[in-house]
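Look for subunit A in each of the two complexes below; its partner is subunit B in the first and subunit C in the second.
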Partner chain A sequence: MIKIDINKKLHGSNGEMGLNIDIDIKDNDFVALAGESGSGKTTLLRILAGLEEVKGTIKIGDKIWLNDKINLPPQKREIGFVFQDYALFPNMSVEENLLFVNKDKKMANHLLNITELTKLKKRLPNTLSGGQKQRVSLCRALMNKPKLLLMDEPLSALDPSMRTKLQNEILTLHKEFKTTTIMVSHDPSEIYRLSNRVLVLNQGKIINDGKPKDILLRTTGSQKFSFEGELLDIKKVDVIYIAIISIGQQLVEIVVTAEETKNLTIGDIVNVSTKAFNPTITYKKTN
Partner chain B sequence: MLEIISTLEFEPFLLSFKLASITTLILFILCLPLAWYLSQTKSKSKPFLEAITALPIVLPPSVLGFYILFALSQNSPIGIFFDEYFDVKLVFNFPGLVVASCFYSLPFMVQPLQSGFENINKNMLEASYVSGKSKFQTIFKVALPNIKPALMTAIIVTFAHTVGEFGVVLMVGGSIPEETKVASVAIYEMVEIMDYTGAHIYSAIMLIISFLVLLSVYIFNHKQNNKFSGLHK
Partner chain C sequence: MSNIIATVSKIQNCDNLHLVEFNFNNQSLSMVSLELNKKIKIGTQVKLVIKPSHITIAKNFTGDISYSNKLDSTIVSIENGKLLSSVKLDFFDTTLESIITHTASQKMNLQVGDKVIAFIKESELSISEIIDA
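Up next, the complex of A and B:
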């Protein structure tokens, strides 16, 4: 069990705000940390890693990381940290990056095997692709068998198919090592696939805490499905109006009445939902 | 021509290189922690320290030389201390020149190292701390190997700058053959006694050596940059 109770004043882009977090995290949990940028997600990870000064208590099992008297440095906290920009050591090969953390060759080979990096172990980081680099970074973070794995938007720089592949690898590794994990992520599908708990942060406070399904599903009441999107344009075609809305990566056209257009401004965030019929799913392709 | 060259003394060059080597070594050891501290600190004292470190660049060598002479002379506490406890006099001899050169060349060691350390991806250093590595291990295993161009610049330019110093050396060391008469001072004397042939040869040697040193730095840094950006594998 990890107990976190901290307070810190942040000088964010929106002026001063307080970061006030009081949560317990169960062992082996995979927690996703979501929220708008500037809400304090990365700072929270850095505080847990001991990279930012803060007042409060952090307790992991019966070991105290932080209280009034103790403030363990990052070196003594037994954590793994996966940075958004990988932060690999450019002067060391893939294998050396792992062995720098811990001279356990067996562990290094095992991790490289799971992440299909064995063939690349003698390569230098700058000869690798983004996905490969992030895998090395993940393996490196696990080399010390950390008590807590922290990941700061680890997959945000990768393309969708690479993300899916890496999500599977993260799942495999989490099942094997059972490392308690906190991951910052914006991607709902990623959060849904990987985590069993979501914390939503806003202005330094947790405003939502629960199971991914409860927090991510946006339908309310009798709605069969519902999407949030941005209204891009409203066109008049003969006697009707057509609204063009961007949902995710797709554009859709919705027929609206003249009356409805009065309440809409281009650029609005709108909800597209229906309850009259059942949406159907048809197979398109395997990801 | 060969006759002239064979009769010339090359002791001043040897002395210049000996002085530069010792100065570079001492400064490297002293400046490594200082440059690291300056690159990592958020302390308000940073600008003061930076200004003091950069002073030898802007001060006239005569001013620097005068203060060093004053501080090291046998009438000053430092001079008395060294004389009494180590039996070393620090003016008009080689050890004095080393001390003076360390002050004179300090910024040329500190500044490239500091900017090298500052340009390192902070996450990379933090990744090392999180992995359980101490600051010491992080500096030697992660930071230094990744700032090779800055390291090279610092060492070579400090060396070359010490070889090229004149004013401070003349004031603190004078011109005692085989003790303090380095190449730049020897050239000055040759010009004074109108030995233009000797001055030409000495100057040409200095010019060629300096050029080759700088060229090697730039070639090295060019190659390193390519390697780091992944163009040159």
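Up next, the complex of A and C:
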């Protein structure tokens, strides 16, 4: 069990705000940390890593990382950290990057094997693709068998297919090492695939805490198929009206009646929803 | 999902709103839609799709009803769940599935072999594929 109870004043984009977190995280949990930028997600990770001054208590099992008297430095906290920008040592080979953390060759080989990097172990980081670099930093973060793995948007710089591949590897590694993990992510599919708990941060406070599906599923009443969009236009055709709405990167058309158009104004942000029984799914080839 | 392979027999429109009629074994089906793919003309063969939860079943039906699609079918199987029933229908050798409540299935005393009418609203029928343009 990890107990986190911390308070810190932050200078956010909207002036000063307090970061107030009081949570327990179960061993082996994979927690996703979501929320708008500037809500305090990265700061929370840095606090857990010991990279930020803060008041409060952080306790991992029986071990105290932070209280009134103790403040363990980062290297004593048994954490692994994966950053968005890989942060590998450029002058060391893949293998040396891993062994720098811990001289356990067996562990290094095992991790490189799981992530299919064995053939690349003598290469320097700048000869690797983004996906390969991020796999190396993931392996490096696990070399010490950390008590807590922290990941700050680890996959956001990668293309979608590489992201899916790395998500699968993260899952494999999490199954094998059962490392308690906290990952900052904005991607709903990533959060759904990887985590078993989501914390949503807003202005330094946790405003939502629960299972990924409960938090991520957008619903409007009993309608489970729900999207937010901008009403661009309403056209009259015959006795009905067609509303043109922009959702994400696409335009959709919705048939509405004269009565329904009365509450709509062009430019409105609207919810478009239907019951889960209505949509049909068609297979789409990706390549 | 239920599919019917049919041929376009008539197209009417008002701006981008269309009413399309299809022929399937000399039975007429109709659909309303917004923009229509340009390849769809009279004589085009298409695959029609209907979500099973949108197919209504009527037995011993009399009276008028606004559904344009009234498909004379025969029940070939019934799978009862706790709340819902999946009823498979044969419509000229094409199988359609209808999801109705278990209560409705019991009230109507639906049995395999029953002659029923499958009702589909024209707005709930759609084209999923153009087979032969």
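Following the convention adopted for this analysis, the second predicted complex is superposed on the first by the 239 of 287 C-alpha atoms of A that agree within 3 Å, B and C clash if a C-alpha of one lies under 4 Å from a C-alpha of the other, contacts with A are read in each partner's own complex, and residues count from 1 in each chain.
Convention: a contact is a pair of C-beta atoms (placed from the backbone, for glycine too) under 8 Å apart; a residue touches a chain by one contact, two chains touch by 3 or more.
Since the structure is predicted, the reported quantities are computational estimates derived from the model, not experimental observations.
Engineer: Return first, second, both or neither, reflecting whether A:253 touches subunit B, subunit C, both chains, or no partner chain.
Structural biologist: A:253 sits against subunit C, while subunit B stays out of touch.
Engineer: Using the touch definition from the top, say if A:143 reaches subunit B (first), subunit C (second), both or neither.
Structural biologist: first
Engineer: With both complexes overlaid on chain A, does A:87 touch subunit B (first), subunit C (second), both or neither?
Structural biologist: first
Engineer: With the two complexes superposed on chain A, say which partner A:126 touches: subunit B (first), subunit C (second), both, or neither.
Structural biologist: After superposing on A, A:126 lies in contact with subunit B but is clear of subunit C.
Engineer: A:237 in the overlay: touching subunit B, subunit C, both, or neither? Say first, second, both or neither.
Structural biologist: In the superposition, A:237 contacts subunit C only.
Engineer: After lining up the shared chain so the two structures overlap, which partner does A:79 touch, if you call subunit B first and subunit C second: first, second, both or neither?
Structural biologist: first
Engineer: In the overlaid three-chain picture, which partner chain does A:278 touch, first (subunit B) or second (subunit C), both, or neither?
Structural biologist: second
Engineer: What does subunit A use to touch subunit C in their complex?
Structural biologist: Going by the criterion above, the answer is residues 237-238, 240, 242, 253, 255, 277-278, 280, 282.
Engineer: Which positions of subunit B touch subunit A when the two form their complex?
Structural biologist: Those residues of subunit B that touch subunit A are 121, 123-124, 126-134, 141-142, 145-146, 228-230, 233.
Engineer: Looking at the complex, which residues from subunit C come into contact with subunit A?
Structural biologist: Result: residues 1, 14-17, 34, 49, 51, 53-54, 99, 123, 126, 128 of subunit C touch subunit A.
Engineer: Which part of subunit A faces subunit B closely enough to touch in the complex?
Structural biologist: 49, 51, 73-81, 83, 85, 87-91, 100-102, 126-127, 140, 143-144
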